[in-house]
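Take a look at the structures listed below.
In the two complexes that follow, subunit A is the common piece, with subunit B as its partner first and subunit C second.
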Partner chain A sequence: MPAELIKVTINGQEFETDKGARLIDVCREKGFAIPSFCYYADLALQASCRMCLVRIEKMPKLQTSCTITCTDGMIVTTESEEIEKAQRGMVEFLLANHPLDCPVCDRGGECELQEMVFDWGGLEERFTEKKNYAPEKFLSPIVANDPQRCILCKRCTRVCDEWMGEDAIEAGGRGSHTVIGTYGGWLNCSQCGNCIEVCPTGTLLDATYRHQTRPWELSRTISTCTFCSDGCQLSVGSRGGEVMRVVARDRYVNGLNGEFLCIKGRFAHPFVNHEERLRTPLIRYKKGGKLIPATWDEAIRYTAAKLRAVLDAHGGESVGVVGSPRLTNEANYALLKFAREVVGTNNYTATEAFSLVPFFENLGAPLATHKDIRHAKTILLIGGEPEELQPLTGRQIRQAVRNGGAKLVIINSVPIRLKHAASQFIQIRPGTEDAAVLALASKDDAGVAARKLNVEAGALEQVRQHLNDAQGDVIVMFGGELGAEAQSLLAQLSFTFGEKEGRRFLLHPLPLFNNSLGVHDLGLMGGALNPLEILDAAGAQLRAMYVAGSFLRTHLEGREDALSKLDFLVVQELFQTATTEHADVVFPAASFAEVDGTYTNNDGFVQRVRQSIPPIHQSKPDWMITAMLADALGTDFGFQMSSSAVFLELAKQIPAYEGLRYPLLKDESNPVQARHALVGQRDVSAQLVELRSLVEGIEETGETTTQTPPVGHELFKLGTLTSKVPQFHLLAAGNPEPESVLISPLYQITIDPALRDEAAVAGD
Partner chain B sequence: MSQQFLPDNPLPQEVRVPDEMAVFSPEVEAEIDRHLAKYPLKRSAILPLMFIVQRERAGFLDPPGVAYLANRLGVRIMDIWEVATFYSMINTEPVGMYHLQICRTLSCKILGAGTITEHCTRRLGIKPGETTPDKIFSLSEVECLGSCGTAPMMQIGFDYYENLTTGKVDELIEKCRSGELSNGVR
Partner chain C sequence: MSIIGDVIESTKAIIKGMSVTFAKIPQQKWTVQYPEEPVTVQPRYRGMHLLHVDELGREKCVACYLCAAACPSDCIYIVAADDPRAPTERTGVDERYASVYNIDYGRCIFCGFCVEACPKDAITHGYNFELSVYNRADLLKTKDDLLITKQKQSLNYRVAFADEDVDSEYKEV
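And then the complex of A and B:
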């Protein structure tokens, strides 16, 4: 809908702009720099810094341009002696209590206040009064706070409230004694660190990076987060081959997430340079023996010989190839090619938590992007827990409800935190998510579904009515609880409700890993066996296995010794894991910070991963290891040691990625969506029958819980990667408050090593 | 990483006790209900309720009291914290039996509030913001209490004591010690 155009005169030049546009945005867009601290797009207005003052004709006094919406015929002056005097005065006020300790401040060199003082500050300070003094302290294991540097722009409090919905950090006190803080002095939040990111000064600091380096010493690389499936864009700051920090500050990176990152994206990077990283290839020459370091040449030669022996003795079908949704598309493509061309087997899969193959086979509506979610009018969330497992999606939902007035309907067996944003929350019996889909897909089955779900039939009818009456975008999200039939029906939901003017169905799966969609797109999940079956087949049908990454804890549960039954197991990993315990050869792989490649996020965006540091020790990118192995087995992949060549070939083979090249993926602010084939209307009556009988088989016993799960119950879980970060151990142990907040809790509290074993890999 | 962290010692047993909630007598509950009934929005009653809870909970908003307020008003703990730290008559820390609040704004300052504060500090042995070890006196400097015509002045509990001199302050402190100043309690 094109907005009405109005005329605004800025500094004597006339411009056309949308009606209702914010003056500060218009001025900046037209090239007039307006300084500001507190203004932040898409957050509630504050107008506390008074830096964005402008003179508007016929209005008394100077006006804050961040709170003014443009009206027709408005005549604005942004630069004059009067305005400059006011702005200089404001900076002088801001500095009245600011300690000016830039040389020891972590923000020095990338500080907005510093830049503002450079432009608008005076040469000398006129204040002789004592400044307020408060010592630097810790608010949590990862958030450090220096209260006296604060200029009270309250970006942090608004971000905490509006993005995260947590309201963990607020301004307390009064007048010049106002400080940013929290009740009790210790933060019990999801520790996302977004308050640190948006802080324009050095008030809130990253405690993991504090006093480690200066920002100008870092080389920055734009890359994609390696944790959940949201695929946030981030800037990896490295120095001398060490990853020092990860930020999403918009002066360095401008991706789909803006300045948003969660605790994992922002703070879980130390695994890259962790001392437990595998250093060299390892060979176990004898079953039950030790893994012994070897050279690459020796390891590749040994592996090739062993695999050749298995292939000659038992044939191609006796070798399993397992990719990973953690690895790049390039790595998984190389594995798939290895399975098909070198080994000649259909026994390939990826260590994915749940399969979305039925969903993509019946995809009847496009995938929703995060921008779509933000502007959606109706959101239906079945299962899943986005604010813990896909935090960016969680934020987008919250913003859509709060700022966009979206209707949020949640169907979940647990009262998740997003419940507070929902206009309708339906709590169902655990494990009956399929029944909810049945009730949506077929009106006649609503009665039986309601009985199985333990909800009133009216509630489900209301959801149907919601979707029926909806205008604008309807986003259907689902987590991993749904079975194959339910996924197919949900993928076809747009046809169940039929065409309607002004309504558009969009789908948004919520897989757990950074490249979950990638492994589905490549077809790695379409192999003959799923991860559980491939483990069961080990030792029987399968004699050898080639695993990139590791099996999930959930896969290995009850199948602990499955891998030991194999004649030969090759693993490429970052760390020693439960999977490498039985490996005959372990190759050290390079982490996301050391490779070039692409991840596909849950929007279907194919986004670049860029190398920021050289591979640690002797590690190599996964696809390169696979290509070397293929070479040793007599097949030249023709990758020419270049990941762009791998992607080029991948894009030619995979229809959804057709025409994509690295140069086209260069701009992180314009991500490219893979073209997933829409299948149109399919006959899903078979699946409906199947689902009906499935639902009828559900026992009506499950207990529902009324307890909202605590913040971080998934985010803080210790996995292979997050357990390498000391701070996560404290958070996983319940974030205990230390005796003194002046010293890092790492030095005050030590953690029971048993807690490390309670780790779960989901989402990590 | 330069920070080395070795997980070996176990955690202290009590990690974090969930905030217990204060319980009040039926009379107090009735008083709270009366206040709540005055406002169309429940949260508007935050200040009167804070005074009641503070009165009932040993003179300051302790965690159970804050939990009660948040629950009763349907607001978040942080909302209570913001308001409580804003007002000088709401205490977030324990205070003594007599809370001496000396005005330090312009009129009082000109007419010698500084001397009064200094005198109190010498007599009681505490600086502004502190409480005597016997928990009888607390001293604080507050902003204008609107009694400029009778400056310098201070407030003890809810009562004003005006046109102060060091002699008057001595008298007041003696009265507090002997318990004569009963209506000044908090």
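And then the complex of A and C:
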């Protein structure tokens, strides 16, 4: 619906603008700079800083342009002596209690207050009264706080409430004694650090980067996060080959996440420069022996000879190739090419937690983007826990509900935190998610499904009714709990409900890893075996395996010695893991900060990963290692040592990526969506029959829990990467409050190793 | 011209030249017998930098990087660090201090911008000027060379008093 146009006059010039537009936005768009602190697009209005004052004719006093909606014929002045005097007065008040300690303030150099004082500040302070004093302190292992620097714009509290739904920080006290604080003095939140990011001053600071360097000393590289499948855009700040910090500040980056990042994206980067990174290639010359450092030439030659021997003795089908949803599309493509062209095997897969192949085979509606989620009218979430596993999706859902009035329906076996935002929450028996899909896909089966789910049949009917009556975008999200048949039916859900004017179905899978979609798109997940089967085949049908990355803990459970049955195992990794324990050769791979490439997120956006520091020690990008190995086995991949050449070839081979080139992917604010083929309406009756019998076989025993899992039960888990961050050990051990908040908890608390091990076992 | 004419001309020239020389001999000398005698430098002389400490011996530098930012030849390298110890036990006056502070004298142009930029009066120009080394890498000076508590002062200079007239001493030719 195109908005009505109205006329406003700003500083004597007439402009046309949309009816209902906010005055501050209009002025800025038309090129009139208006200073502001508290205004933050897409957050509730605050109007406390009074920097955005303008004169509007026929209105008394100066008005805050951040709260004014344009009306027809409005006459606005943004610059005059009167306005300037008021603004200068405001800045003077802001500095009345400010310590002016920019030299030691970590925000110095990128501080909005500093910038504002340059333009609007006086040369001298006129206040001679004693300033309020409060020491610098820690609010958590991750958030440092200097209350004196606060200007009370309350961006932090609004972000915490509206984006995160946590309400963990709030302003307390009155008048000039108002401070931003926590409940109980210690932050027990998801530690996303978004309050740090949006704070215009040095009041809330990154405690992991505290007193490390200065922002202008950092070289900034725009890249994609390497943790979950949301694919947030971020800026990696590095200095002298070391990654110092990660931010999403949209001054430098303007990706799909704006200024949002979660704890992992923002704070879990120290693994990059960790001392335990593998330094050289390692060879285990004798089974059961030690891994011995070797040169690249030696390691490649040795591996090629061993693989050649296996190939000659047992043929191509005896070698398994395993990619990883953590690695770039380029790395996975090189592996796939290696499997097909060098080895000649169908025994390839990726170490993915669950397969989405049935979903993509039956894809009947487009994938939802995060923007679609924010503006959706109805959201259906089956299984999964986006707040912990895909935090950006979690934020989009919350904002859609809170700021956009969307209806959220959750079907889950656990009362997850998002429940509070839901207009309907259906708690089902654990492991019966498939039955929920059956109830949605076929009305006739609602009765049996309701029995298995242990819910009222009426509740399911209500969901169907919701979806049926819905207007606008309907987004269907699902986690990893669904089986193949349920996935297929869900992918076809839009046809179950049929076409309706003004309603659009969009699908949003919730895989776990940064490039989960990439490994599906490339076809790596379509190999003959899945990760579990490939482990089971080790030592039997498979004599050798080539693994990039590592198997997940869930894969190796009960199959701990599967890898030791192989004649030969090559692994490329960042660290020693359970998988490298059995490896005969280990190649040191380069991390996401050291390579160029692309990841595909759960929107289907193909986004760039850019090299910000040179590879650590002797590591090399994964695709390069694969190409070197192929070369030693007599196949020239022709990649000419450039990842763009790999991507060029990949785009030629993979239909969904057709026509894509690095230059087309360069603008992070306009991400490019891969063209996933929509299959149209399919006959899914076979799957329906299958699903029906599956559901009928479900035992009606599982106990439901009434306990909402604590914040961070997934986010803070210690995995190979996150365990390299000291702060995560504190969080995983329950984020204990230290004796003194004036000193970093890291210096005060030694985590009981038993606790740490327990937490480590939980993660992957 | 004859040989006799040549001889007369050159003799004249020698006499003219030597008369200048002899006339100068009784006058005041301004050559300094360096290194036998110390050089007098002005108070505002810009020699090798000094990093200062406060009365408790704590480094004044808070590693704000402003000197490095101001430096036109980009010769200052700092690594900031956090010192969680009690205020009296700290390395520096603040929690934030410079764990590395290097100046590359192969590049420094002694412009004094760093001194001007410093909000903490932590860096000034000292008077040491004997910076020549046998190895170019030795031109890189670290905190151990720059800290006022550690820098060895040369015996070959003397700082003029504020009211001492050093300039005219040299100009009076």
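Definition applied: the second predicted complex is superposed on the first by the 755 of 764 C-alpha atoms of A that agree within 3 Å, B and C clash if a C-alpha of one lies under 4 Å from a C-alpha of the other, contacts with A are read in each partner's own complex, and residues count from 1 in each chain.
Quick note on the criterion: a contact is a pair of C-beta atoms (placed from the backbone, for glycine too) under 8 Å apart; a residue touches a chain by one contact, two chains touch by 3 or more.
What you see is a predicted model; the values in this text were computed from it and never measured.
In this superposed model built on subunit A, subunit B and subunit C occupy separate space and fit side by side. With both structures placed on the common chain, the touch criterion links A:Q424 to neither subunit B nor subunit C. Of the two partner chains placed by the overlay, only subunit C lies in contact with A:I743; subunit B stays clear of it.
By the touch criterion defined above, A:T182 reaches subunit B but does not reach subunit C. Superposition on the shared chain A places subunit B and subunit C such that, viewed from the Cα centre of subunit A, they span 80 degrees in steps of 10. Looking at the shared chain after the overlay, A:P270 reaches subunit B, while subunit C stays out of its contact range. By the touch criterion defined above, A:G734 reaches subunit B but does not reach subunit C.
Of the two partner chains, subunit B is the only one touched by A:G173; subunit C is not. Touch criterion met: A:W216 reaches subunit C, while subunit B stays clear of it.
Counting residues of subunit A touched by each partner, subunit B versus subunit C, the larger count belongs to B.
Residue contacts after overlaying the shared chain place A:P103 against subunit C, while subunit B stays out of touching range. Of the two partner chains, neither subunit B nor subunit C is touched by A:Q148.
Taking every C-alpha of subunit B against every C-alpha of subunit C after the fit on chain A, the minimum distance is 8 Å.
In the three-chain superposition model, subunit A touches both subunit B and subunit C at residues 212, 744.
The touching residues of subunit A, counted against subunit B in their complex, run 167-175, 182-184, 188, 212, 270, 273-274, 726, 729, 733-737, 744, 746, 749-753, 755-756.
The part of subunit A that touches subunit C in the complex is made up of residues 102-104, 108, 136, 210-214, 216-217, 743-744, 747. In the complex of the two chains, the subunit B residues touching subunit A come out as 1-3, 5-12, 15-16, 63, 66, 76-82, 85-88, 143. Taken together, the subunit C residues at the contact with subunit A in this complex read 62-66, 68-69, 79-82, 84, 94-96, 119-120.
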